[in-house]
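Next come two complexes built around chain A: one with chain B, the other with chain C.
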Partner chain A sequence: MSSFTTECYQNEYIQLGGSEVNAIVTVTSDGAAGQTTQPEAAEIVIIDTSGSMGAPSQKLAAAREATSIAIDCIRDGVAFGVIAGTEVARTVYPPYETLVTASSQTRSEAKRALRRLEPAGGTAIGSWLTLAGTLFATVPGRSCHAILLTDGENQTETDEQLDEVLTELEGRFQCDCRGVGTDWRVSELRRIASTLLGSVDIIAKPGDIAGDFRALMETAMGKATGNVSLRLWAPQGANIAFVRQVAPTIEDLTDRAVPVNDLTSDYPTATWGRESRDYHVCINVQPRDAGEEMLAGRISLVEGDETRAQALVKAIWTADEHLSTQINREVAHYTGQAELADCIQEGLEARKDGDLATATFKLGRAVQLAAESGNDGTMKLLQGVVEVDDPATGTIRLRRDVATVDEMSLDTRSTITVRVGPGAT
Partner chain B sequence: MSTENVDVSTQAGPSCPSCGAPLQPEDRFCERCGARVGDERKSDAVATRVELDLTIAAAVSDQGLHHRRNEDSFHLEVTGERNVAVVVCDGISSASAGNVAARNAAEAAGVVLGNAVADPDKDASQVILDAIQAAVDAVIQVEWTTRVKRVDPSCTLVSAVCRGSEITVGWVGDSRAYWFDREDARQLTVDDSFAEEGIAKGLLTPEQAAKSPFLHSITNWVGPDAPERPPRTVSLRPERPGRLVLCTDGLWNYAPSAGELGGLIDALPAGAAPAAVARALADTANDRGGHDNITVAVVDIDP
Partner chain C sequence: MSVVCPLGHQSQATDYCDQCGALIVAGSPGGGTTQVLGVLEEVDTSPAVRREPCPACGAPRSGDDRYCEGCGHDFLGPPPVVAGWEAIVTADRAQFDRLAVAGVSFPSDYPERRFALADGENRIGRSRGQPDENAPEIDLAGPLADPGISRLHAVLERRSDGLYVLRDLGSTNGTMVNDDPVPIAPHTAVPLANGDRVHVGAWTTITVRKR
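Our next item is the complex of A and B:
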């Protein structure tokens, strides 16, 4: 059984009358079950086979090849299936609405079935997800994961229809979403991935799908836990300002709270492999007198009914401003990373709307934040969209000709954060 | 009162002093309102003043008028005719669980001193150093983790071993020891503080130091993150009867020089018992504002 450890970073000193308590909690899972197979898993690959996947023709061929590689990564005993999506969804393998147990025979059959895929029809992603939900429901008790590949926008169903589906499926399975090419909508896939606790990324070239699918499936197979929740207790009278995953990517969990009792809520985090994630919690508590100390929050990792690790968030009120005005390094860092993601998304949105002043301001601030925090990956992506004159002050010029792929890459990866660098204060 | 009238609800178990919710024995924080409860349990219903009168020695620890809890602590022991072991600690209030640090440090150091004070074969300075080491070990054990390095649980410590008229004092931080007799009023300790270092290096006059914002910024303390500076010790063998006084800054803030503090003692009736002296000094600190916790220990020395 894998074990969890936590570390809590905070300045617990609060100025008199102050009520806001911030903490960064690093949760690390050693993924110790990695060496054993985990037959409780279920996997579905959902491939877009709409007409656009045939243009250019190598797109569908690449998707087929990538799916084939992903199938090879599925361990014996895992329940799996493949779905093809157009304006409707249908099962590619097995040919009826259920999942089969992976073995060398079923994996070969599945790969053979992929050859029958032909590009034709529209895109109704909600219907694909609904079918995945139906198939996963045939193997209750397993931890369910899907990979969804699309190259276009959701066209043959409304946003409201998709929202309904997502509400229905939330918590039923985890779904990593990939957009190939540049004709899909970042906000749409982000919404799906975010609701279904998965990742979202852009695959610019069809040839890169295979490598990405292999990595996704290997990660999924390395998951050593069932569904894990972050459980947050806060004292009576407190209110949770936000709960946010801040590394490896920013993900606001605040609205995902599932109440356990009056003072406790669970925030689902899906399955864990050998990995580490950081969370930022911000709690408003009732102020107390100088010198008084309180527990402002208790964060636990809960798998099933079992608490696997916990961290305490404390508050001590002090008149000593030297203590209370220090902002904890980790809290400051991740507050900056969250602002960075917001600035990129708002800046790109403004740019699309032709509001170049806002776009320049927001993307300039993003450049400054990326430079300060050493987020080189994001900086490189920003440079595809803006000309950086002075990273320290955020002086930039918007590029006139921006490749769509650069803009979409920046948007998609805007939520990727870096950890606190050594020695940075 | 008949037994039927006993209110059993109050005997159901401990409850949170802040909100009244029931507590489990292992709780360190109230599960309803989050108030810290764990460390206070050892000294349930904390009195605002603790006094110990051992005739030839006495100590008073007072919460003062502005703090919500007493983060000072002391240990006082008299063995044989005139062997006295005394420790006074001041929990650093900007540190988490400073009160626990002070209590544990005083207890640990006091036990070491108490065991050795009557044994003339043991070198008094070494006994003091051993006692302070025991205090450091005890404070490191204080259960509290924090990422803000400078505020690990910590405290100051001043201690003394008196064997008859042979006095040895050891200290870390800015809690002080003084000697008073009919001719002399003398501070025995030198604060581990920026102010004292400034004076020692000629950067500040004592008057400037008294007004310096760094007066209370100490340069050594008992705690896991303390600088690796050895505790200092001083010995004396007075020839005249007098009084050894150990105290925290809650007292000396109101009488910073040995002369001023000696003046307060001289104003008392001649031959006042140690307990009366300790009480009077603590009262004076409260009369003058009581801004901090006040702890004072007084030992009569009669060569």
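Our next item is the complex of A and C:
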């Protein structure tokens, strides 16, 4: 069983009459891999086999190769299967609607079955996910994870149909989404990945799918916990302004709250390997008198009914403005990272709409925030879209000719954050 | 084990109240029983803490100043000798045993509190522990608050003849005087004599006397 530790960063001093309490909570899991209590897993790889996957022809070949490598990473005993998706979904392996237990024999059979994949038909991602849900339902109690690869946007079903499917499947399995090429829609895959607690990324070149799939499957196999929730208690009269994951990526969890009782809600965080994530919670509480201390939030990591770690968010009211006006470094940093992601998404949206003034302003601010926080990865992606004149002031010029892949990479990876660097503000 | 928080909530959590988040001060652990823990003086170690009002003039007092900002009274010196009336609040074991309210335990270490009575209204109650202009003059909130006291429980009013009358303000659990087990009628003035005892809540007795 893996163990969790938490650290809480905040300025607990609140000015008199003030009500907003902010804290960053770092949760670390040691992963404790290889232990016998490791939960039984189930894995499904969903490959887009629509007609476009055959153009160019190496796209489907690369997906087949990557799936084959992913299958090799599945350890013995894990229930697994492969789904091919077009305007309908069908099982590639096993050939009937269930999952099989991984062994050297079933892995070889699955890889052989991949050869039969042919590109033809449309794209109805909702139906693929529905089939995955049906297959996962045959192995209750397992921790379920899927990898979805597509190269196009959802065409043969409506947004509403996809929404219905997502509402139905939320919490049933985790799904990492990958878009290959540049003909898919970032917002669509982000919505799916976000609802199903997975990641989303762009794979520009078909040749890179294999490496990515291997990494995804190895990460999935390294998960040492079942479903873990972030449980947040806040006192009577308090109001949760937001709960968001802020590292390694930004993910707003506020609307995911599952009430436990009047004062407590659970926010799903899916499975954990050896990793560390940061959360930003913002709670409004009823102001109290100078010198009074109260608990504004109790954050627990809960697996099943068991509390695995806890962090306390406190509030102490003071008339001393030296104390109350200091902004905690971690809170400031992640507030900036959230703004950075928003600026990029809003800037790109404005650019698409032809509102170049807003695009320049937003992307300029993004450059400034990326420079301040030392988010070099995002800065590099920004430079694919804008010409940076002065990062300190955010003075930029929009590039005239931007490669679609650069724009989509920036959009997809806009939510990737960096941790507080030494000496960073 | 559950504890009672400063605002009177039953809490399963023993560090902070699991209802209102108030800090619960660690005291003697009690095996399986409800415990009322700690006293105000132990909580407040920071300079900006709220303290008892000045015993001489009743002015609010904060910080570590030695002298009252209102009347200059020396907090380290002997208690003030001021003509007038005062209310002395104590935890009354006999009253507690008489009422035997289920789920409430008797605070073993309740400090006697004295309130100088003003000329006008002296309301008895429990504030919500927030900055509150409307807090009662005799505010019995605090770490050891008696859970049976209403927010606005009763009022002591000085009449023109210099004596005080007691009125219950429609409290939940009623107000009793001296040894009479029958609560006084709500919203009805009851004259008090020097040394009369006013019983509110599960164990609080307020002795009203001339000083």
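In this text, the second predicted complex is superposed on the first by the 418 of 425 C-alpha atoms of A that agree within 3 Å, B and C clash if a C-alpha of one lies under 4 Å from a C-alpha of the other, contacts with A are read in each partner's own complex, and residues count from 1 in each chain.
Operating definition for what follows: contacts are C-beta pairs under 8 Å (C-beta built on N, C-alpha and C of every residue); 3 or more make two chains touch, one makes a residue touch a chain.
This is a predicted model, so every value here is computed, not measured.
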item: Combined model on chain A where chain B meets chain C, clash or fit; value: clash
item: Contacts of A:Ala215 with chain B and chain C, given as first, second, both or neither; value: neither
item: Touched partner set for A:Gln236, first chain B, second chain C, both or neither; value: both
item: Which of chain B and chain C A:Thr318 touches, first, second, both or neither; value: both
item: Partner chain(s) touched by A:Val285 [first = chain B, second = chain C, both, neither]; value: both
item: Contacts of A:Ala296 with chain B and chain C, given as first, second, both or neither; value: both
item: Which of chain B and chain C A:Ala403 touches, first, second, both or neither; value: neither
item: Which superposed partner A:Leu263 touches (first chain B, second chain C, both, neither); value: both
item: Which superposed partner A:Asn11 touches (first chain B, second chain C, both, neither); value: first
item: Doubly contacted residues of chain A, that is, touched by chain B and again by chain C; value: 233-238, 263, 285, 288-296, 312, 316, 318, 320
item: Chain A partner contacts - residues on chain B that touch it in the complex; value: 19, 28-36, 67-69, 93-94, 96-97, 146-148, 151
item: For the chain A and chain B complex, residues of the former touching the latter; value: 8-13, 233-238, 263, 285, 288-296, 312, 314, 316, 318, 320, 323, 326, 328
item: Contact footprint of chain C on chain A as seen in their complex; value: 16-17, 233-238, 263, 285-296, 298, 312, 315-316, 318-320
item: Interfacial residue positions of chain C with respect to chain A in the complex; value: 13, 15-23, 44, 46, 48-50, 62, 128-131
